[in-house]
Structure formats: structure tokens, C-alpha cells
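The same subunit A turns up in both complexes below, where it pairs with subunit B and then with subunit C.
And then the complex of A and B:
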């Protein structure tokens, strides 16, 4: 792997896709309003849950807001990178244009995962950061270097897990051709990442930590924020993230063996 | 439609968010504060799932694709409004989705045997009617948004914007009864609670104003239909096929 070459290629990707997205300027404005409304909506829903209860699954309202903040950031990342790129895989496979990508002298996973960018997701990431800053104030969290490193580690692990889940589902397109709806299923599962894991019943908790590790994605980073997380949990998240990342890559190459171009 | 069985099954599964919400409500005993028993609340969310399954609309996405690909032009020459074509597609898919929704309901009852109930025939018919009316309202709203394709080309982002209040205010995630008073004071004037909350309450046997709800649904259809007619005739005048 030649890192410099990949950086250079990525710069070109950024340039071309930003240029094409900025063609639709009003679209970006509409997306911004959507992101703000969606955050207001989920805080509204949370406030309904808390209107007569002090605690949900052991979390106070102020603490549950941290989960919302992290969810918003991750959702922004999904909308910026994962969604525009990985839904494209479906199109590549259906129209047979995947051939052109496989022929390029560059890693196919890299190309397919980072080709496009949707700038309106940035605004969501920013919104999430503002919410987190606000949470740090109202929860009186004191910032220190070790705290920040741990946050950074757990959030990047969450990003890797999220990416791998998306990539897994999109890769199955090679067999099933149409996976739009599988992506919808993933989206609706991810939706529960907005709430603390402990607020669900035991069976759902098990399901969402073992089969689809959504628990790891938002709850563990939020616990780190509150200084509640045990070190074994953080370690576990790192392990899960690396396992997911490696298997998703292996799975991609395995799937490519079954790829037989369109109309051949 | 039957060609895409897996597709439709997945689509049905993707609608299970109401069940997750139910899980939060009952697992934290939140239903006590809004004075709905656990059984009634689980019936409510099951019905919300059903109503959503049979009132979900995606016409704006089909229309946007067709209009960007230039497929709208031949449709326009035909002596039938192209929206009938999409309308028929939606109906066909709803029918194919019915067995999958039943399977999910079956599993729901296995896990929650105490919530099994049988609505009487009159209520069942009324709730089918109100679900259909809810579908019509959403279809009209989305068709109006879809017509904006004639001006902006990317109407789906406007649809995503409208979807947010639909998601949070329609009663899919929390019944409208549980909303704080400052929202309840105006929400019944908007179309949102009649999309899911009203039909779901009706079907599940929760308290609701049947006459009022149905008449509000019909009122909204009568308000939206002329608007759609207007925007459609304006839009087709504006329309120039892609690349011309």
C-alpha cells in the first residue's frame, strides 16, 4: 500500500464529488433544515419519555442527551460517506460498472467506499458536536487528556463498526442484486442507537450486543463521556471493531469471487 | 411484484421501529404515566405497525427517477394521469405485503400472548377505511412534492424534510396522547395524527373520536386534491423533457 498515492487519489475524489454536489445548493439548505428538525424531533421524543420519569434505564435526561449527540455525529458520518458510496455498489453491480473499478490499479474497497462525499452530512456532524459540548457543560464533565483520548478511541471504533455493517450489507448485493431494502432494515435497527441500551428488555439487549453490535456504537462512547465505562468494555469495543473491519474486508474479497459481471 | 418477495419481506421488517418503541415504553413502565395499560399500548403499537405498512408511500422517489431518466415524456402523452400508474403500483405492493405483515404479527403474539384481541367487524372495516384514507393523504402530499421535480429536479430531499414531522408527530414512535399539552393543543389541526395515531387507536380499541377523525381525514383529502391538480397542471406546462 502506498499511502501517499492513496492520499493523492482521495484528494481528487473530494474535489470532484464536492464540485458535483455543490451544483445543488438549495438541496444542501433543505438537508440542513432536515438535520436540525430531526434532532429537535428526537429530543422531543426523549422528553416525552422523561416527562414523568427521572430515569430511563438508569440514565438521566441530561445523560441521555449525550447518546443523542453521539448518534447525530455518527449519523452525519453515515450520510457524508457511507450512504452515498455504499448505495452506489448496488448500482455498480446492477449495471455491470463494477468491472471498471476492479480493473483500476487501486484497492477496490478503498475506491468503492470513499469515492463520493455528501457535504450536507457535515452540518449534522457539527450539530452533534455542539450538542456534545452542551452536554459536557450541563453534566459538568471535566476535560482531561486521557478522557479525550478514550473518547476518540471509542468513537473511532464506533465508526469502524458502523462502516463494516454498511459494507457487509452492501457486499451482499453481489448475490442478491437488489439490497435497497436490506439497507432500510439496517437503518431501522440503527435507529435504536438513539436510546440507552439499558432501556430495552434483556432479550433485545442481547440481540443488539451480539448479532448487530449497535450497543457498542453509541452506548459505550457515552459511558466513556460520563466516566462510567469499565476498561474491559472499551477493550471489548476495540476487539469487536477490529474483528468487524477485518471480516468485512475478507467478505468483500470472498464475494468478488462470485461476481460475474452483468450479462455474462 | 411477486418477483421481489425478499425485497418486500425486508421492507416489512424495516417497519419494526414501533416494536422497539413499545419495548422502551413497557420496559420502563412509562405507560403508567399516560394511563394506558401495557396490553392496550402493545396493541396500539402493533396497529401502528400495520397502519404504517399499508399507508407507506414512495411515489416521489419513483417519480424523481422517472423524470430524471426522461421516462415521464411517454407517460404524459397517454390519456391517463401518470400518477394513476404509481397509485396502482402502491396498491399492488400493499397486497403483496399483507402476508409478511401477518407473519410479523403472528410472532408478536407469540411473544405477547396476552395482547391477542379480535376487533369487531364494524371497527375492522372502519379502520381499513381510515388506513386507506391515511394512505390517500400521504399519497397526495407526496405527489405534490413529486410535482416539484418539474422545478427543482431533486424533490426527494424536500420529501425527507416533510418525513421528519411525519415520523415524530404521526404517532409511530409515541402515541399522540402521551404528547405534552403544548403540542396537543395544535397537533389535531395538522394532518399528522390522522396518518397513524387515529387509525391505530381505532383498530386497537383505544379511546378515539371516530367521527371527528374520519371527517378530518376526508377534509384533508379535499384540501390537498385541488392543490395537487393545480400544481400538476402548472408543472406540466413548465415541463421540458430532459436534454431538450
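And then the complex of A and C:
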């Protein structure tokens, strides 16, 4: 893979999608306001849950805010990259415009996953970071290089798991044509990731760890933040992320063999 | 000797199609238990295309033209048989193969809707690994050939269909491919835009010796661009050969309207031995076989006092229409 070429193409992707989005100023403004209001609403909801006894599933409000911070970053990444690109896969397949992508001398997964960005999602990522910095202060977490590395690894793994799940569902469009509902279900599960895994019943915990690994997405990075996570959990998250990423890629190329293109 | 650039051997393609009975009952049944059947849309076809050739694929809607084109460019996996394009197996979509080909579809677009076409050109240039200098050189050359200028800087959504199609062509040709797959490129364009597009394709073929595979429902596209046509009927090739030969065979006679100076001459001509279609006063319409037109006209001009003469070509759409509904042509 020619890295220089891919960086050059990605620079063009950024340029063209920013230019496209900036054509509609009001839309960006509305998106930015929505991001701020959504964060305020989520923190308010969380504070209501903690009002009575101050603990949910063994987590204090200040600790649960870390999960909210990670969720906000992930949601920002979802809105910046996954939503504009991965939901388009369904459209590309339905309308047959995937043809143009498949005939370009570039990795089709790279093209289809990163072509567009929604700049308003950046604000959410930024807000999530600020919230995490605030959490580091109120939870009196001491910063060290190993702490930052582990945080970076676990958050990256969360991003890869979420991406792979979404990409996997979108790929099934090649057979099922419409998969909007499945993507909506995935987004709903991500909302669940705003709460500590221990706050759910045992059966739900098993479900969210094995079938839809929401547990890995927010809880494990949060535990790393609080120094509560065991190494086996981090290792498991790395393994799960790698398996998901490799499988989603292999599944994409397998599915393309069944692509019949839209009729003219 | 000119090399074959495309070689197709015993190619077949089947699709699984789900069927549904009409009405609510059928809909519920279809929801719970979907019945599918395998439909063979391409049936054991073979052909070759030489480098620099312009070949028209003719056929009714659903005959399989677009499926053939999409298998040739590697979008669809063939069910049986083999395809070799420029020495590559298309469905493997190797980088060097993709740099050699392009697909243009009249009804689908790759340009970024909210931005001027020039932005899409630069994006494509980076995908094809062209530096800015080379990209600008090619954009300039192609925009001169396509006669586009200001349009390149206006958002795509504000361009007319004709301007958009020219920009689509430019975006699709920036990497200077030597095989062009065109699926109804003139669809929806006005007469002038169609003519300009055809002129451009002729020029491009002449200057670059690019091979062009074209499908179109506009017969003018086929007659002005393609010397060779491949007729597809229900997934099978019903004719593969020269277009003029096909036209001659399908329409072996021409109608000639002759205006004589006097009605007396018209009566004499009526009894001269030609096949007469009709006669109104001094005007007579006769049918003459294509291979004896010159000698017959010589005879008429030498023996009769003729005021005017008009040779009527049968409408091309009508002639080609026969190919689309009939399976076998013994040509």
C-alpha cells in the first residue's frame, strides 16, 4: 500500500467534504447547537440517576462522568466519520454508485469509510476531551505516560469495535439491500454505553459483553481511567478489536463477490 | 496485426431473483417465505474486441447489455466462462487494470454534487496518483476537447444535464484510460449535446486509439460511432459483425420516389418492370434492391425525362428494432 498516495487522497477527502459541508452554513450551526444540548441533556440525565444514593453499579457520579466523556468522544467520532460514510454504503449499493468506487485504483474500504466528514462532530470530540480533563481533575487521577498510552489504546480499540460493527451491518446491504433499521439498533445500543456495565442485570451484562460488545466500548476505557481495569480485560479488548476489524474487512471482500450492481 | 484487447469465452451469468405473488396474501407470504429462482441473464457468449475498436452493444431493455459491460469492467463476477481484458481477469480489479479502464454511466454520476467539477477532478487525480502539474495539463487538454471552461468552476447541482455529462466524462478520463465502457452516455441529453458527445468520443478514439464499448438506445450514437455491433437478445448474441452489413441484410431494398416531367413518362415507368409501390399523377415510388441501385438509376435517367428523384433510407430505428425482437439472424 502506497502510504504517501493514501495520505494525499485523505487530504483531498478532508478538503472536498469540508468544502461541501461549508456550502450549508445553517446546517453546521444547527449541528453544533445539537451537540452542545445533547451533552448537557446527557449529564443532566446522569445526575438524576445518581440523585438518590450517589452510586450506580458501584460507580460514583464523578466516575460515571468518565463514561459519559468517552461516550461523547465516540459519539463525536460516529458523527464525524461513521455516520456520513457508513450510512452512505446503503445508498451506494441501492443506487449502484458503488460501481464508481470499486473501479478506482484505491482500497474500496478506505474510500467508502473515510470519504466524507461532518465537521460539527469535531465539537463533540472536543467536548468529550474537556469532560475527560475535568473528570481527571475531580477524580484526582495522576497523569503518567503509561496511563495515557493505555487510555489511547483502549479508546482506539473502542473506535475500531464500533466501526467494525457498523461496517459489518452496512456490508450486509449487498444481500438485504435495506439495513437502516439495524444501524439504528446499533446506535441505540451505543446510547446504553453511557452507563456503567455493572448497573445492568447479569444477563444483560453477558449480552453486552459477548453479542454486542458495548461493554468494551465505554466501560473498559473508563476503568483504565480510574485505574480499576485488570490487564486481562485490556488484552481482551485489543483481541476483540483486532478480530472485529479483520473480520469486517474479510467480510467486505467476501460480500463484494455477491455484488450485482443496480440495474440501469 | 491489431491485438485483441478483450477476449470473452463461453461467458454466462445467473442472478437469484425473488418472486412475489400479487396482493396482500402474496406480500405476507413473500415476507415470511421468499421464493427465489435462478435467472440466467447471460447465456454462453463469446466474442473478441480489438484494440482501438468502437463496438456498440445493441439490445432491448433487460437483454443483458449492461451486465456484459459490468462483467467486462470487473464489477460483477461471471458465473461461468472466462474474460480477459487487457491481459487481466477483470473481477480481480488489480490496480494496473483499473488504471487502464473507465466506466461512464449516463444515469449515474460520480461528481461531488455540492462542489464545482474541478474539485472532483483533483480528487480523482490524487486517486490515480497524478501530480498537480500533470492533472492540470490533462484537465486543460480534455476541457478543450470537450469545449468546457467556466462550467468547471460552478457547483455541479447548478449545471445543466449536458454540462454535467461533459464534466462526468472529464472526471472519468483524467487518468487517460485505454478502454472506455459507456453505458447509455447520451441518456436524457438534447440533440446538440448528444452530437457534441459523439464528436468528442470520435476524436478521443482517433487521438488515443482507445477501445470503446458502448450501449445506447439512441441509434444515432451507434450509427455515427460504431462500425461493429454486437446484438444481444435475451442474454445471447444474435449478431456480431459490421453495422452496415446488418443494415443491408435487414433492409435489402430502398424506396425511390421519382418525379417525372409528364404523367405519360410515369405510366411508361410503371410498366418498365420495376416493383412499384404507388403512383400518383407524375410521381411514382419504386422499390429497388440495394445491390442494383446504381444500374437501375442509370437506366431510369437514360430512358425517362426526370424532374426530381429522392432515395428514401428506411428509418434506422425501425431496422434495428427488428434485431431487438428477433433471436437469430442468418447473416
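In this text, the second predicted complex is superposed on the first by the 263 of 264 C-alpha atoms of A that agree within 3 Å, B and C clash if a C-alpha of one lies under 4 Å from a C-alpha of the other, contacts with A are read in each partner's own complex, and residues count from 1 in each chain.
Here is the rule we use: a residue touches a chain if its C-beta (ideal position, glycine included) is under 8 Å from a C-beta of that chain, and two chains touch if they have at least 3 such contacts.
Fair warning: this is a prediction, and the values are worked out from it, not measured in the lab.
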Partners on subunit A (subunit B, subunit C) - clash or fit: fit
Subunit C, subunit A and subunit B - angle at the middle CA centre, rounded to the nearest 10 degrees: 90
Contacts of A:136 with subunit B and subunit C, given as first, second, both or neither: neither
Contacts of A:187 with subunit B and subunit C, given as first, second, both or neither: first
Partner chain(s) touched by A:96 [first = subunit B, second = subunit C, both, neither]: second
Touched partner set for A:38, first subunit B, second subunit C, both or neither: first
Which of subunit B and subunit C A:106 touches, first, second, both or neither: second
First (subunit B), second (subunit C), both or neither touched by A:226: neither
Contacts of A:257 with subunit B and subunit C, given as first, second, both or neither: second
Touching partner for A:27 - first (subunit B), second (subunit C), both, neither: first
Partner, of subunit C and subunit B, that touches more residues belonging to subunit A: B
Smallest separation of CA atoms, subunit C relative to subunit B, angstrom: 6
Residues on subunit A lying within both footprints (that of subunit B and that of subunit C): 24
Interface residues, subunit B side, partner subunit A - complex: 4, 6-8, 10-11, 13-17, 20, 23-24, 26-28, 30, 33, 152, 154, 157-158, 160-161, 164-165, 167-168, 173-174, 178-180, 183
Residue ranges of subunit A touching subunit C (in the complex, touch as defined): 2, 5, 8-9, 11-13, 15-16, 19-20, 23-24, 95-97, 99-100, 102-106, 257, 259-261, 263-264
Contact footprint of subunit B on subunit A as seen in their complex: 24, 26-27, 30-31, 33-34, 37-38, 41-42, 44-45, 47-49, 51-53, 56-57, 176, 178, 180-182, 184-185, 187-188, 191-192, 195, 199-201, 204
Complex contact set, residues of subunit C against subunit A: 15, 66, 70, 73-77, 93, 95-96, 98-99, 101-103, 105, 107-110, 112-115, 119-120, 122-124, 126-129, 155, 183-184
